[in-house]
Structures are given as structure tokens and as C-alpha cells.
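A, B and C label the chains in the order they appear, each numbered from 1.
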Amino acid sequence: MRIDRAAVYDLLAEYGALIDMMKFDEWLGLFAEECRYQIVPRENFDRGLPAGLVFCDSRAMLEDRIRALREANKYNIHTDRHIIGLPRICDNGRRIDAPFTVFQTDQEGETRLFATGLYRDRLEAAGGRLKIRDKLILLDTFAVPSLLATPL
Amino acid sequence: MRIDRAAVYDLLAEYGALIDMMKFDEWLGLFAEECRYQIVPRENFDRGLPAGLVFCDSRAMLEDRIRALREANKYNIHTDRHIIGLPRICDNGRRIDAPFTVFQTDQEGETRLFATGLYRDRLEAAGGRLKIRDKLILLDTFAVPSLLATPL
Amino acid sequence: MRIDRAAVYDLLAEYGALIDMMKFDEWLGLFAEECRYQIVPRENFDRGLPAGLVFCDSRAMLEDRIRALREANKYNIHTDRHIIGLPRICDNGRRIDAPFTVFQTDQEGETRLFATGLYRDRLEAAGGRLKIRDKLILLDTFAVPSLLATPL
């Protein structure tokens, strides 16, 4: 697969923006029909431990997860802001690594660092568009600072 | 308007860099002759409330604002650092959305998160260069953590 | 030198990623044979004061420094996450300015803002690849929040 750099950058920008705007249906549309979405603490990943915080291996499962998150979100009202750094295009474009941070703002208006980590994405071209086939989110901490109420 | 992606990226990078270097005259030069600059808490914007923290609808007004900020800045000495994430090119290039964070460092050398939000820019090509015609800054919080002494 | 924008973006992304993965030998490989690496508080730089926190003017010296850091790192175990913002290509591509933040996560799993600043790089094309000839790291604070145990 010949990598289209602009399309990769756009996909990452859209990924963060759609979560931040709480457009979760459009966000789901960024994933391929057959996809995987995982959140794994980096420490576990480095040690080869399989235990993740979230594991979805189909889009249906990811949809369920999002529905549950939305429910949880009612008790943890906040907004997100994703800042995604310049991505690294690895393995001839078969893998994209992009560092990210997420800030959350609560109802009192306080903004806090919520999470930092690395997106490790495998993409596929489907119908003239890039889609996420496999998203591995390596979270820098095993101690998620508060209820995980929106996708990372 | 056919979007020149490189020019958009450069404009955003320059925007943040010029504020961080306190080169406010050059920063003003990034705006079109007829321009608008607004800072609105995201919550107000989402509810359709017009109240913003800053509203300038001409470059002269923006210049005045900057002069006032510089005066205020004498009592709140700090330096800024903008980190602007990958932009989303919307609406066939007529709108650019870019997430940002600003960190501030005070005279004691302490660096703190100052603000997070989204730039929503409408650009125009003028004299072979892209200029900002309309900049809407959607701030994630209504509670600006301290005196707004430099432009966002 | 005609700037290859994609190569600049890739080099910056790789720079941060290799530190975050603690691949310091590969990281050293991003520098030209003859190179300089400096960390200078922005305040000193603005006042023309030469005093820096780190000064290496050869790759051998940088290697030594990294070895020492790794030793120090045993007593300050943490992981890094670099977020590098959109770079500004200055001076017809002879200079690259890129804002950065580094977050650190300690063994208790707490993630904190560690540093913000600006990379000011001079690059050279060597063997078909871009290499760093001179890296000046302008740190926003003179008060480095804790032991500098990994390169910035």
C-alpha cells in the first residue's frame, strides 16, 4: 500500500475532532467493517502482558462500548480535547504511530490533563477512503485518572 | 478555493510561533484587512449564546486589543507556548479546525496549562499568501484561569 | 537547500518517538556526524547569555551524555511522551522551529507536564536522509522540574 500522507494526517485530525465534538456515530464510521480497538497500558504491552483496559474486536462491539460510555458519561460530564502530534509512518505505511494527549474540562470549567499515550494504527483503503482496521492505544499510565467515559 | 495544505500548516505554525515570540505586529499581519477575531467559550457557542470573551471585527479593533493586552501583560509577566494539533480541513477548504493548547510559564519558572480549545478559521488568499479572515476561538472553559494577557 | 516538507515532519516525529521508546542508539543516528545539541533556558537565550543546561558539540559528546543520562535514569524511572506541534520552516528551509511538550509518567502511574519549549533545528541532507546538524532546545523555564534524566 502506497501511503497517502495527507489522508493519514486528515484521518488522525478527524479522529480526535469527532470525539471532541461528541459525534460518536461519525467517529465509528472511521473504522473499517472488520476492526479492532484496544486500550492497553504501555507497561503491560512492553512486558507482553495481554491485559487491556478495553478490547473490542468488531465494530458491533465498539458500538456497544460507545453506547455504554455514553451512559456512564451522564455521571461524569466533561468535554475532551485531543492534541495529536506529528505521526510516524512505519513499516512502509502499514503502521502509523502518533503520540496524543487528551485534556478534559469538567462542569466547573476546570481543564486537566487526562491521558497521554501513543496511537498505533493499521489502516486500510476502503471505497476510496482510509479506514482504521486496528487501533492499539498504548496508554502511558495503568492508573487511568478517572472514569473512562469517552473513547480515547 | 483549492486548499494548499502546506500553506495552511505553515499559517497555523506561524500563528502560534509569533505569539510565543511576542511578535505581535507580525502576528497582526497574518490577518486579512477585513477580519474578525473572537474568543467564545465552547459551552456558549454550543448553546447558541452570543456572549464571547473577546470580539474584534476589524483589524484596527484587534490592534487596539493587542495594545491593551500588552499593557495588562506588564502586571502578568509570562511566556506562552502554543501547541497546535493536526488541523482538519472542512467544507472543501473553506474552514480549518485545529485543536490547540497554550502553556504559560511565569517569572518563577513554573509552567502551567493555560488553555485548551479549538481554532475555527476561515482563510482567504490575498497577494499570494493565505490570511485569516475569521478566527473563532472556541475555548474549552468559561473559567479563564487567569488574566487573559496575550492573544490565544 | 530545497526543503522536503514530508522529510522534516518525519524527522521530528521520529525524534520524539525514539526518545519515548528509549531507543537512544537510533535516536543518536538522527544526528549528523558533526553536530551540536544544546539545551538553553529561553530567558538566557533572549538575553544573549551563553549558559546552557546541556552543551554537546560532537556526536561522541552526545553519546557520553546519553550514557550518563541512562545511569541517572535508574534513580528516576519514568517514561516520556513528546508532543511536537506543527513546525515552522524558516529561512528558506535552513532552520526549523517546532514547539514541543514533554509529559512524564512515573512508576506510580502519575503523568505530569515535564517541559515545554521550542526546537530550533538546522538540518542537512546526508546520504539521502535528513540529519540534525544543530539542535538548540529553548526551554521555557530555567527551573527544570526534576532531574533531567532523558534527552529532551
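The rule is short, and it goes like this: a residue touches a chain if its C-beta (ideal position, glycine included) is under 8 Å from a C-beta of that chain, and two chains touch if they have at least 3 such contacts.
Just so you know, these numbers come straight off a predicted model, no measurement behind them.
Colleague: For the Cα fit of chain A against chain B, please give the angle of the superposing rotation, nearest 5 degrees.
Modeller: 120
Colleague: Do chain A and chain C face each other with the same patch, meaning over half of the contact numbers show up on both, or with different patches?
Modeller: Here the answer is different, because the shared fraction of interface numbers falls below one half.
Colleague: How far is the middle of chain A from the middle of chain C, if each middle is the mean of its Cα atoms, in Å?
Modeller: Inter-chain centre distance comes to 27 Å.
Colleague: Specify, in ascending order, the residues of chain C that touch 2 or more different other chains.
Modeller: Counting only residues that touch two or more other chains, chain C contributes 83, 85-86, 101, 113.
Colleague: Please give the residue numbers of chain A that touch chain C in the complex, ascending.
Modeller: 5, 42, 83, 85-89, 97-101, 113, 115-118, 140-143, 145
Colleague: Which residues, counting only chain A, touch chain B once they are in their complex?
Modeller: Per the touch definition, chain A meets chain B at residues 6, 9-10, 12-14, 16-17, 20, 79, 81-86, 101, 103, 105, 108-113.
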